[in-house]
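You will see two complexes here that share chain A, one where it goes with chain B and one where it goes with chain C.
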Partner chain A sequence: MKRSLPTIALVLVLTAAALGAERFPPPEFTNHVLPTTTTPAPRSVVADMVYIGALAVALALAALFVHVLRSRVAIVVLAIVSLGYFGWFYGGCLCPVGAVQNVAQALGGGAVLPVLVVVVFLLPLIVAIFVGRAFCAGVCPLGAIQDLVVIHPLRVPSWLDGSLRLLPYAYLGLAVLAAATGSAYLICEYDPFLGLFRLAGPLTIVIAGLSLLAIGTIIARPYCRWLCPYGLMLSWASRFSQRRVKIAPTQCVNCRLCEDACPVGAIQTPNSGRPVPRHQGRGALAATLVLLPVLVAAGAWGGKLLAPTLARLDATVRLAEQLDAEASGAAAGTTEASDAFRATARPVKDLQKDAAALREKFLLGSTLLGAFMGLTVGGKLVSLCRRTTRTTYEADKALCLACGRCLKYCPVGRGAAETALGGAAT
Partner chain B sequence: MSAPSGRQPTRRGALGMIVRIAGAVGLGAAVASIGRWAGGPAAASTTAQREVWQLDPHKCIQCGRCATACVLTPSAVKCVHAYAMCGYCELCTGYFPPDPYDLTTAAENQLCPTGAIQRSYIEDPYYEYIIDEKLCIGCGKCVKGCAAFGNGSLFMQVRHDLCLNCNQCAIAAACPAGAYRRVSAAHPYLLKDRSENAKESPQ
Partner chain C sequence: MTDPRTLWHPGAARLWLRAATLSAMIAAAMAALVAVLLAVNHAYLRLADPLDSPQMTQIKTQLAVAPKDVSLRRQLSDLDSRLRQDYFTRRDMQTRGLWVLAATVALFVASTRLVVLCRRRLPHPAAHAPPPAPRSSLGRWALAGCTLMLAGAAVLAGWTTAPPAPPAPTWPAPAELAANWPAFRGFDGSGIGPAAGSSTSFDARSGKGVLWKTPLPLPGHSSPVAWGDRVFLTGGTADKREVYCIAADDGRMLWVGTVGEIPGREPPPTEILEDTGWAAPTPVTDGKFVVAVFPNGDLVCYSVEGKPAWAVNLGTPRNGYGHASSLAMYRNLVLVQYDQGGESDGRSSLLAFDIATGRQAYRRPRGVGQSWTSPIVIATNAGDQLITCSNPWVIAYQPATGTELWRVKCLEGDGGPSAAFAGGLVLAANESSMLAAIRPDGQGDVTASRITWKYDEAHHLPNICSPVADAKRAYLLTTEGMLTCLSMADGRKLWEHNLGEKCIASPTLAGGLLYVITEKGVVHMLAQADEYRPVEKADLGEPCQTCPAFVGGRMFIRTQKHLLAVGKN
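Presenting the complex of A and B:
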């Protein structure tokens, strides 16, 4: 008789909805107290405050070490501590690099923007406006883990470096687009080091992180230079900074000792070593200025073409396409997602409307992204034509990660002997 | 050592500082006000507390990804029980497979792959089922059984004492039912209860 109960249940399930039917009225006990379902609280606000405080202190220390103490050793110590706290202890979330997406999603109208996120996003940027990329120097755990493995940095040819430095523009643009439409958080999903910080996560990401670290022993900080979307924003902010890393504490004597010190190619040489005749330079500038609108238009057009593909970043769009394909017989079978959708009894029209709205957003966003990329490439070309009148070796405000390696190479102000060697200091 | 000329207060330096301060304030104001002018759900609550991930048990189809997609192993998602909804069935379809060999608590009779459900006799013919969260891996097998043949009182939740609150929950990205969403940290659970039974999920 007992065996027949499942059979009864089976009959019941055919007559009732699959979810939430009260098939067996809960008993009314006389002397049994029902246990309560526990609801453990999330991490407390206090922990977040501590995190913000630590971020602020670390930024202040980084600025101090780079600009006042001018000590590479102090920066390395800070990087190790930051890696331990922000990386392994805190688990990597929330971080300023990823916060870009929360801001973008709020911008798209799809999420609330907690104060915590606003502060975490802004702190390093505001610091960069005043003193440069102190965050990259020894606070960011992603930067720190890469910086600590640099053993024998090779110089990357400037044409290659310059081209690869366009990647963060595309990555930032894509990440903002995906987050603003509420489709995905690409920066977090593909953060190569998150898996290492948590000692968990998808195997592919852990392998990617390890490979990047292996490459990072000879190609310094590849993620920072050629991918990091937040690093790009920091480079914009640091162009306004009052201070740059001052390689020579007083007057640079052009001894060229620092030239190879920088592992990320951020030291600008006097005049960039390209004396171009004035009329030639003007001609090139005029040509690129004419080319600029063409590039922007071409980018916008390309972006528009890419929109339907990019829209597939969104699960709703994917689901709508799958349902279309199933309806038209183009799909071989159903998917878990389409089955799940049908089980909700929500009208397909509803979903199609959502998907259409999302496609609209992607069309606009992708066109803008394309135009932005055109502008980026054009701007790069224009900047290549600019005549520089630099007379000393100095760190590029935007590209310098403030790691402090170059500081110890400069003979100026390292004491009497070195000063004498350098000659004309002060 | 005389100070380098760049460090001396000049009119240009002062102007630069004003630009910087204005830039910083402007940036701060712009980001802080984003939620307001974007007019989304953020409109009223830009300064709201943090948010955390939670799964809506009414949308979940027990696909099993909660056990495998979480960055934590075992997953931060566990089965929980809405006791007031439970029928206290002797033949719990969340506890026993549809055709148990025998009515015992022997391992081969249990649906749960880790034996995380404790069955105890209350009074004839009622039994109580309690989840040992240390053992539960969030596979959803019991939830599926309970939803299909029982009252649906077993369901899954992200447990916030375990969850790292990833900025992008890996399960949310993988869930075929779109069951995950961010909820206010002040109300971090989407619990089932008896009054809600057979009703659609809120929102």
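Presenting the complex of A and C:
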């Protein structure tokens, strides 16, 4: 735990530095004394424990509400409480979504990984392995704020939904690459709701958050479905889950009442009545499997080409390029960063050496990222060839956000909930 | 939670729905309004520099003239505190506004939730057919589309974030610069003219060998610069400052640029020495523009056709004798060594402006006091460098960025002579210190390691005239007319000769000769040799304090009242 403190302190200092970006010269002709720079104290161990405790309790409650009580109302209440606590009270940081980057940076060798961060990162994933995306149900403040604004969710065609779900892979890959190289924490930097939680931040981000909420009134949880990198990891974990959300707790009677209940298109419909000619599927699958290595290679090649661009995520690389441009007369002037660098009197060669080392890292990382994206596209193509036989309405293990909306649509489920509540409703 | 529709009676549901809808709409409108106000406030905070008000600038300008004026200081202090207060009040408004925004968003969220509850309809699956099985071909196309979209975004990101390519040089090539005389003491400021030189036999009194002689409207000690068929120089008095363009072929005055009003111009200096005058700094030209600086801080640019291009006032320099440093030029930049005040005043700076637009490219504080030397731009093995001299430092900068490269502590007293560069060595000299031959590389203070040799015979060291050198010999000229020749290999004295006349103009090398012009206007032409060997002598007919410019086989030289041309027709 003690090892986590310096990291937290560093994060706080950097945050404070970012907020203190507006600087003025001291007043003239006054006896104004400039305050000395102070470093905020790291968060106490007790506060960390309280946070982990709250996260664990919230996850347990979410699982309980979805799988045992099957109560959408309870989930909504939990979401509101989580939004208040993890969002506004806690300021949205540290959160499991952002912790992905701490882990990536530590794995990249650029930082020590505090125990707190490990727990925060793993807890929702472990829970997902057992009971699905309980974190998304009503614990994650990002999910909660979107969930609470859904008014009239429109059905997004599955072909569009499926292909847009490619985006989180790219976002996750980018975020991991940027963090592993110690260049940026993209997920935090571009967290659309952080500005709303903290009541501060770049206006563009606040506007992005508000826009997502506005869109979210008719297209449920757009960030969760098509952007969230941690949501993607949760979807991987929940594929192994023992318990999926059971729309019908016992036997689905195919009454179709829940057909339109899911705002995120996570209900799989029965398809047993419509067999697909076997030869068709097989041909497509064979072609896709042949294509797969080509896609991976093409992705790797594209990633390699993209490496210089991605390397610009790093401030050192950007500064080195700026200094080059200034020296060659290409830049229209100097920047605050280049002026500040000159003020340090550090040799430009040193900086260029650091930048070259970073570019090397990005070359490898970007190639791997490209290969990963190629594999993802190939994997999705393979899954499009897959024929499953389903006879009942089921929640998709990976896509279901465990929001609980569908539960009350099921006449079978209603009886079960009443039983669980001890017949209180009768 | 209880369904609100069942709370009182069936009609209550409609009431709930209406109330919730209304509340959602009001909350949305309020949120939008607050968001707009916040955006406006945000833009104000981002764009407006609280301490950049015209009132503030005006008071600061007045204070610069009367720094001890207590009432001005109080006014500035009051205004400063008022502006800061206003700024921070707006900052507070921003924070409070965000809270209001959050509250309205929360109200909107709550209301919409209620709307959802109230409008819930029972599902009617029988009313429509079961959803069709997803078509994998559509899925594949969509996936391909999304992949292409991602690839497109990546390409776009690469395109938009790529650093700008070095522009195709709009500035003259080195050969072009060397063929002309773009700045004080030639293209690299070292006072070395073309091997061809000009005719050496002339006499301005009789007119022999003089191509033309043009009277100059205003006085000045600036030297002529020349490009192609045009010669430029400046003249000025306390009330008037002018730039002249004269035809190289026949001496016709092609145009006169009179410097007009420049916004933000400070009151003129009161302490300019007559010896310095109002037009001491030499202008620069790149063949498209000519830029001149005057001792009141006016920096003006004209096209070579005489069209005013831009003008700024750099602020009146605090300079005991008057600003005399000539301009230098590097690629597209005009470089101004703006040394003034005392060492601790923090006023001296190196400034660079885009020659075509006047946009300031950089301003680097120099941390030195006033000086009268001119910067020179040289091409070394370690890259291009801008060399400046002031007491006590010779400082080299990267001319494109103003990044300091190295410095050597070797000068003392009021700095007059500029540096010269020959045989891979920078020569910096001043009376009461030394002539230091510096190897121009290294980083930081290289005083201990880069002075190859030095020469410190006090009565041979110059206090106004800059040294000149070729790869073999360096020449020093004192104001009293003492001419000394040193070996560039080791700084050994080769010869000395007392001309017995006062000299202000720096010596120049051209056509294999050393040109030394005395204040009376006698031009001594000597062989570049290991012994004192006069070759020719000529009379300008008028006192002269400036350096000649050599272009196209002609020599242009400014005397007290005229510009005259010597050489080929």
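Basically, the second predicted complex is superposed on the first by the 369 of 426 C-alpha atoms of A that agree within 3 Å, B and C clash if a C-alpha of one lies under 4 Å from a C-alpha of the other, contacts with A are read in each partner's own complex, and residues count from 1 in each chain.
As a working rule, contacts are C-beta pairs under 8 Å (C-beta built on N, C-alpha and C of every residue); 3 or more make two chains touch, one makes a residue touch a chain.
Since this is a predicted model, take the numbers as computed values, not measurements.
**Q** Looking at the overlay, what does A:S158 touch: chain B (first), chain C (second), both, or neither?
**A** second
**Q** I'd like to know which partner A:P25 touches here: chain B for first, chain C for second, both or neither.
**A** both
**Q** With both complexes superposed on chain A, which partner does A:T335 reach: first (chain B), second (chain C), both or neither?
**A** first
**Q** Is A:R256 touching anything from chain B or chain C once the two structures are fitted on A? First, second, both or neither.
**A** second
**Q** Does the superposition put A:R43 against chain B (first), chain C (second), both, or neither?
**A** First partner only, chain B.
**Q** Would you sort A:A200 into first (chain B), second (chain C), both or neither based on which partner it touches?
**A** After superposing on A, A:A200 lies in contact with both chain B and chain C.
**Q** Determine, under the contact definition given at the top, whether A:T389 touches first (chain B), second (chain C), both, or neither.
**A** In the superposition, A:T389 contacts neither chain B nor chain C.
**Q** Where on chain A do the contacts from chain B and from chain C line up?
**A** On chain A, the overlap between the chain B and chain C contacts is residues 24-25, 27, 29, 200.
**Q** Contact residues on chain A for chain B in the complex?
**A** For chain A paired with chain B, touching residues are 2-3, 5-6, 9-10, 12-13, 17-27, 29, 32, 34-43, 45, 48, 91, 93-95, 98-99, 101-103, 106-116, 118, 121-122, 125-126, 129-130, 184-185, 188-189, 194-195, 198, 200-202, 240-242, 250-251, 315-316, 335-337, 339-340, 343-344, 426.
**Q** Within their complex, state which residues of chain A touch chain C.
**A** Of all residues in chain A, those touching chain C are 24-25, 27-30, 73, 76, 88, 145, 148-152, 157-160, 162-164, 166-167, 170, 196, 199-200, 203, 206-207, 210, 213, 217, 255-261, 269, 271, 274, 284, 302, 305-306, 308-309, 312, 321-334, 338, 342, 345, 347-348, 373, 377, 380-381, 384-385, 409.
**Q** Applying the document's contact rule, which stretches of chain C touch chain A when the two form their complex?
**A** Within the complex, chain C contacts chain A at residues 1, 31, 35, 38-39, 42, 50-51, 73-74, 76-77, 80-81, 84, 95, 98-99, 101-102, 105, 108-109, 112-113, 115-116, 123, 125-126, 130-131, 133-136, 138-143, 145-147, 150-151, 154, 157-158, 161-167, 169, 331-332, 359-362, 398, 400-404, 443-444.
**Q** Residue numbers of chain B touching chain A in their complex, please.
**A** Residue list for chain B touching chain A: 1-2, 4, 13, 16-17, 19-20, 23-24, 27-28, 31-32, 34-35, 38-42, 45-52, 58-59, 61, 63, 71-73, 80-91, 93, 98-99, 103, 122-123, 126, 128, 130, 147-152, 159-161, 163-168, 170, 173, 176-178, 182, 185, 188-189, 191-192, 194, 196-199.
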